[in-house]
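Each of the next two complexes has subunit A plus one other chain: subunit B in the first, subunit C in the second.
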Partner chain A sequence: MNRYVFYNFILVSFMNLMLYVPHILIDYRFTGAVSSILIGIVIGSILVYLYTSAMARFPGKGLPEILKLYYPQWVVTASMLFFAIMWWFATTIVVVAFAVLINRFFNPDANTLIILTMLVIACGYAATRSTLSVMFVMEIGLIINAPIILFVLFKAVRSTQLNWDAIHIAANYVTVMPTLTCIAAASFIFTGYINLSLFNRLFPPNFRFKFRFFYPLFGAMILLITFFVPIGFHGTEGVGQYIYIWSFTADSLLMQYGFIERVLFLFLIVYLNLTLVYTMAGWHQAMEFVKSCFPSNKPEIDSPKTPVSNYIIVGIFALLSILYLLMTNEKINMLVTSYWLVLRLFVELFIVVWVVILSKKGAKTA
Partner chain B sequence: MNLSIRVTLTMLAVCLLGGCGFKDIDKRFFVVALGIDHSENEKKPYRLTLQLAVPSPKIEPGASKTQIETIDSESIAEGVRMLKAYVDKELDFGHCKVFLIGEQLARTDYQDVLQWMSRRRDIQSVADIAIGKPDAESLLQVKPISERYPGNTLFLSFGADGTESSYTYVESLSDFSRRSSEKGLDPLMPIITKDSKESFIINRTALLNKKRVKLVLSSSESQLYNQLAKDFTKSSMHGMFEGMDLVVAITSIHSNFRLSKQNDEDIVTMNVKMKVIFEEAPKGLYNDQWGPVEQQLNKEYSKSCVALLKKIQKANVDPIGFGLRYRATHPGNSAWKEWKSIYPNVKFKVNANIRIEGTGLIK
Partner chain C sequence: MNERLRLLFAEAVDIKLEVLHNSELTIEIAYIAPLCEENKINDFIIVPFTKDFYPFESQLSTNPDYRKVDDVAKWQELMLRGNVLIEAAGIIYSFDASRIISIENPQTQVESAIQGPQLALSEDVNISLNLIRSMYPSPDLSVEEHTIGSLSKTPVFALFDQRRVDPTVLDSVRTKLTTINVEMLHAAGELEKLLVGKRKHLFPTILITERPDRISKAIAKGKIVILLKGNMFAIILPATFFDFMHAVEDDYDAYWMTRFLIFLRYTSIVLTITLPALYISVVSYNPELFRVQLAFSIAGSRSAVPYPSFIEVFIMLFMIETLIEASIRLPRYIGSTATTVGGLILGQAAQQAGLVSSIMIIVTSVVAISNFVIPVNSLSFAVRFLKYPLIGIAIFFGITGVSVGMFVYIVYLCNLRSFGKPYMRIFGKLRPLEGDIGQVKIK
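So, the complex of A and B:
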């Protein structure tokens, strides 16, 4: 069962490219990104350890059930509504960014609104499935796509175009003081653990979190590649000018004997799949959180019949996403994302500390 | 979910499909090469030349057909838009693998051209970029007789699929774009000329600063540069030993460099290690001692390398990236300023280490 925790972690760490994390870090490459990355790795790892240890004390329970054990319904409703908005937003910015990306790279003639509508219909339908199905879809999505992403990353690291002097120059700025925005962006790589807030429901009573050393190692590797490889490719100065920095890096690679010569298209298609899976998972969790606001709701991980409430809630999410696209543009989305990343860091800290305190309390009373 | 909802959703999805601006492949013109020149007209400074592939059912040498369209315009983007009015099919840059910049334009300012290329999403950053001499337009008019696909000749000359010449420096758009902004690493491009109506010659390299061409290397210097900076094997080297001509083929080469300071002098030390096999040598060399020959070759090689490096230094460009290394090894914001004052006076030292592997098939 431990692999389901890994899937969440790996999925979110790959998604950082879509959340402008490399863009934010690279903007600050001379002003504190490197030290922030180091601090981000430490903070991220600590949060993973704390949260998994705390969650291990509540087998088979998600965050809503844990809160219901200790607090009256109104506290649960208020906090779960807030968390639902956070989760919905985390995925909406990604799916909206991807709709814009498809418009930029695949077909500039297509209407972004129509592309987004297609995407949200697919994600929305998948999100209304049961928790167990969502987990399985995530597993399949990752098993198919992760090897290709690792291949592209490996190809990029091994490329002769990678200039190690440029990477060395950027790394020299490690002594500059870190900034909050950068720490928030860097720690996002590790944020997959927070999905346990819902998916902990799936785990049986005797479940134990194993191989926890894997999280810091994998997260640090992805984070370093995310930041340093584009600098090695586009130089310390040139790297600052690109908006879709990783799409551009993938475009600088060539698969001479691949079916498609440009790595860009492979990269975009794989990321499209991951975006759909990520959005599905995020909306599903937000949906379950909203449902838990009603006192009568009983958590079910594999209901044979889809409740109508699922469709209604996800339908609202989908409409709000489309509204978000209409109200923003590329630049505002990027700005909102960077603020959201900071907010997310604090909300997560809050959730983790809260659950850790509750788990200690539970140990005393029990 | 009951059946009717499923069917409705599917129908809805199908209806949405029509929205894409999809055009069939036979309604598209694939641009295979783009040339950008300076026109004489002051109001319309850019002359664009597009080589368009004309699809043909025959695939045999010489069957390639292309259509050339030329236009003068105020800016590149407007020129491309305007050219759409000259042709009947949609222009598609997705297969454009070669960009030629006219020599005159490269000698004035290339930054605008580069910016346009980086901004367009359908221009691949793996495309090759080169300087056309005397201008890009006349080069695109060349019709190589052995060409099988439209525009294939230039593309094959640059890639590793066709010929691999030690005289040809291959520059991709993404690398060029990095070099054009990096402090301490300057851009360079191959120069393409034509010898007749039917073939190209790509054996010289232009070194540029952040704005224009500063220095053009001769063909033997270009080969030497490829050996030093790109570890290009499949190349040869010429030397003399006791008045006799020697030509060796390089089978493996590794070079690296480091910056150091000795007695208040900044020194760039390059170490070049290579293994060679004789291609032309006086008979009987097999029985001689190879040691002195190696040493003689070492000496000559380092001499020509130092001469090349000094020439590059004198033009005040830095394509190998000494400045970048200096910035990497000297942390701090002032490193770049220091290097700019150091570079014109830096001393070069090249340690060649040539090992003879054999004399070929005969003694």
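So, the complex of A and C:
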């Protein structure tokens, strides 16, 4: 069953491209990005290790249930509302950014608002399903799309166009002191473990986290490719000109023998699928967190009938996402995202430390 | 007895009410002639009674074929099921002489396998049970009888392996079977609809089959099989999406070839769903998606077509769907003519007339052919519908819409449950030591 943990981890680590992580890192490429990446890998790995160890002590329980064990309802309600907003925001910036991206590359004539509405309806429908169904969709989405992403990454790394000198030059700035924004951006790659806050509900009591060495290895690989490959393609200076840096990197690649010549289209379609899966997972968790705010709510992992509350909560999420698109533009979205990444780092640290303390406490009392 | 029966039944000439005498006894017999085997009545009742080698009364009480009937209310039902009622010395006996007209041991027709059992289930439940029992000779095979239909009174048999069956599924099937409330029930498809309960469903969540080997395999996997009297199809539940994509031959033929066939099936299911929608989105939204030569050849073949791509798609799909429908309904001899005329000549002519592009003709035929690759007919029908919503969304959103539409389909499939079991789930096989996700019930 460990694969279900991997899915969450891999999904989020792939999604970093949509959260402007490469752009933020590349902005700081001479001022501390490389050392931040190293620190980010260390921090991320430690958090993964701590959180999985702590969660293993609460089999079949999500974060809301764990908090309910130790604290009165109002503490749970307050913290869960806050976490729900964090989770909702994590996915909304992605889906909004992707609606803009579709407008740029696929349907330049279409209205962004209409595209976003379509995406939001699809994700909303998916998010209202039961937790078990969401997990199955995530599994299928990753199994279909991950090989294509790995293919694109492989093609990029093996490309003759890749200039290793530029990568050497960028890597030589490793001695510059790291910055907080960069660490936050780099550690985002590892943040998939936090989805256990909800999906831990699914795991049976005899479940054990195995193969934990995989997380730092895979995360580090993705992070290094994310940062260095665009530099190798566009050069140390030219790389600073792009916002959707990976879309342009994918566009530098060519598939000589395929129906589709430009890798860009393959890349965008695959990322569209991943964005939908990611948004579904994020909204579903946020929805369950909101539901756990009500004391009468009983968590259900596979309810035969979809409760009306699901539709109401996700409907609100969807409307808020559309509002977010109307209120912001790409520039603000990027700025907000970089601040959100920093906030996320601290919130996650807080959650992990909190749950670790609770798990020690539980071990003593039990 | 006969006087009372005359009152119980409507006036009908085929109800036989007779009084027989021999040296010691007078008996009354009653039966509905067309439902009974006259030979059997002669051999078991009339001849032994009139010859009287052995006292008939003691024969009635010793032979278990003659069953005592205490309840007057059951008379009608017994006679309607083909029983003979006998009154001897004030006691009523029933004797089963029913005649069932059915195709004896038919060959598999709907799901044929080249190498594999060629016998299909029979319309006579006893023959079907015989086939299944002989293919699954296990003392754990349990057979339950239920009766469904207030008028048709159709006997329905539920078969399962009592050690392997999932108790929660069994419970829900039992409650469903006892609570079904209809007047008539004749076909397995009807029962399927009643069991699923949803009025509007897109995918089949219950497998209907005629192959005894598929049935015995399903029983061994802990599934429940439901047989219907007068129906040569059985129902298997719970079923998953992958069961519908599985032909029985996959287990009989060489490993790599069957893996390749399975891969072929999944590829063709994707093609048949997406291809018309992709055609619209490539032609109307993103011609730059394909490499230049291909984009030019598509555009070139469309140069004579005067209207947008989606109208072209609708014309061709309308033609192919009517063709398929027509060739199913027509008698076998005319059917092939219809397909030839429709497929070859009309397609060619439509392209030359500039109504559709030649690429669209290829797309249409790929869509139609790939659809026939699906081994189970009910899924093939469901999939035939799936391309239309995708076409709709492709008209407005192009390739993005197709992608989002496929995502929604996957979510819908993953959300389906067949009697509480997930309908679509990759890697369903579990190591029993590990346990499965979603087993824990949170308090």
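Here are a few things to note about the model shown:
Just so it is clear, the second predicted complex is superposed on the first by the 366 of 366 C-alpha atoms of A that agree within 3 Å, B and C clash if a C-alpha of one lies under 4 Å from a C-alpha of the other, contacts with A are read in each partner's own complex, and residues count from 1 in each chain.
Keep this in mind: a contact is a pair of C-beta atoms (placed from the backbone, for glycine too) under 8 Å apart; a residue touches a chain by one contact, two chains touch by 3 or more.
No experiment lies behind these values; they were computed from the predicted model shown.
Of the two partner chains placed around the shared chain by superposition, subunit B is the only one that A:Gly238 touches, whereas subunit C remains out of contact. Contacts of A:Met135 after superposition on the shared chain: subunit C is touched, whereas subunit B is not. In the superposition on chain A, no contact is made by A:Ser53 with either subunit B or subunit C.
Of the two partner chains placed around the shared chain by superposition, subunit B is the only one that A:Leu253 touches, whereas subunit C remains out of contact. Of the two partner chains, subunit B is the only one touched by A:Asp165; subunit C is not. By the touch criterion stated above, A:Met118 is placed in contact with subunit B and with subunit C alike.
Of the two partner chains, neither subunit B nor subunit C is touched by A:Ser303. When the two structures are aligned on the shared chain, A:Asn107 is found in touch with subunit B and with subunit C.
Within subunit A, the residues touched by subunit B in the first complex and by subunit C in the second are 107, 110, 118, 125, 261-262. Every residue of subunit A that touches subunit C in the complex is listed here, in rising order: 1, 4, 59-61, 65, 102, 106-107, 110, 115, 118-119, 122, 125-126, 129-133, 135-137, 139-141, 143, 201-207, 258-262, 265, 269, 272-273, 276-277, 280, 298-302, 304.
On the side of subunit A, the complex with subunit B involves touching residues 104-105, 107-111, 114, 117-118, 121, 125, 161, 163, 165-166, 168-169, 172-173, 175, 233-238, 241, 248, 251-254, 256, 261-262, 264, 306.
Interface residues of subunit B facing subunit A in the complex, by the touch rule stated above, are 1, 9, 12-13, 16, 19-22, 118, 121, 124-126, 159-161, 172, 174-175, 177-183, 185, 321, 324-325, 327-329, 331. Against subunit A, the residues of subunit C that register as touching in their complex are 285-286, 288-292, 294, 393, 397-401, 403-404, 407-408, 410-411, 414-415, 417, 420, 422, 424-427, 433-440, 442.
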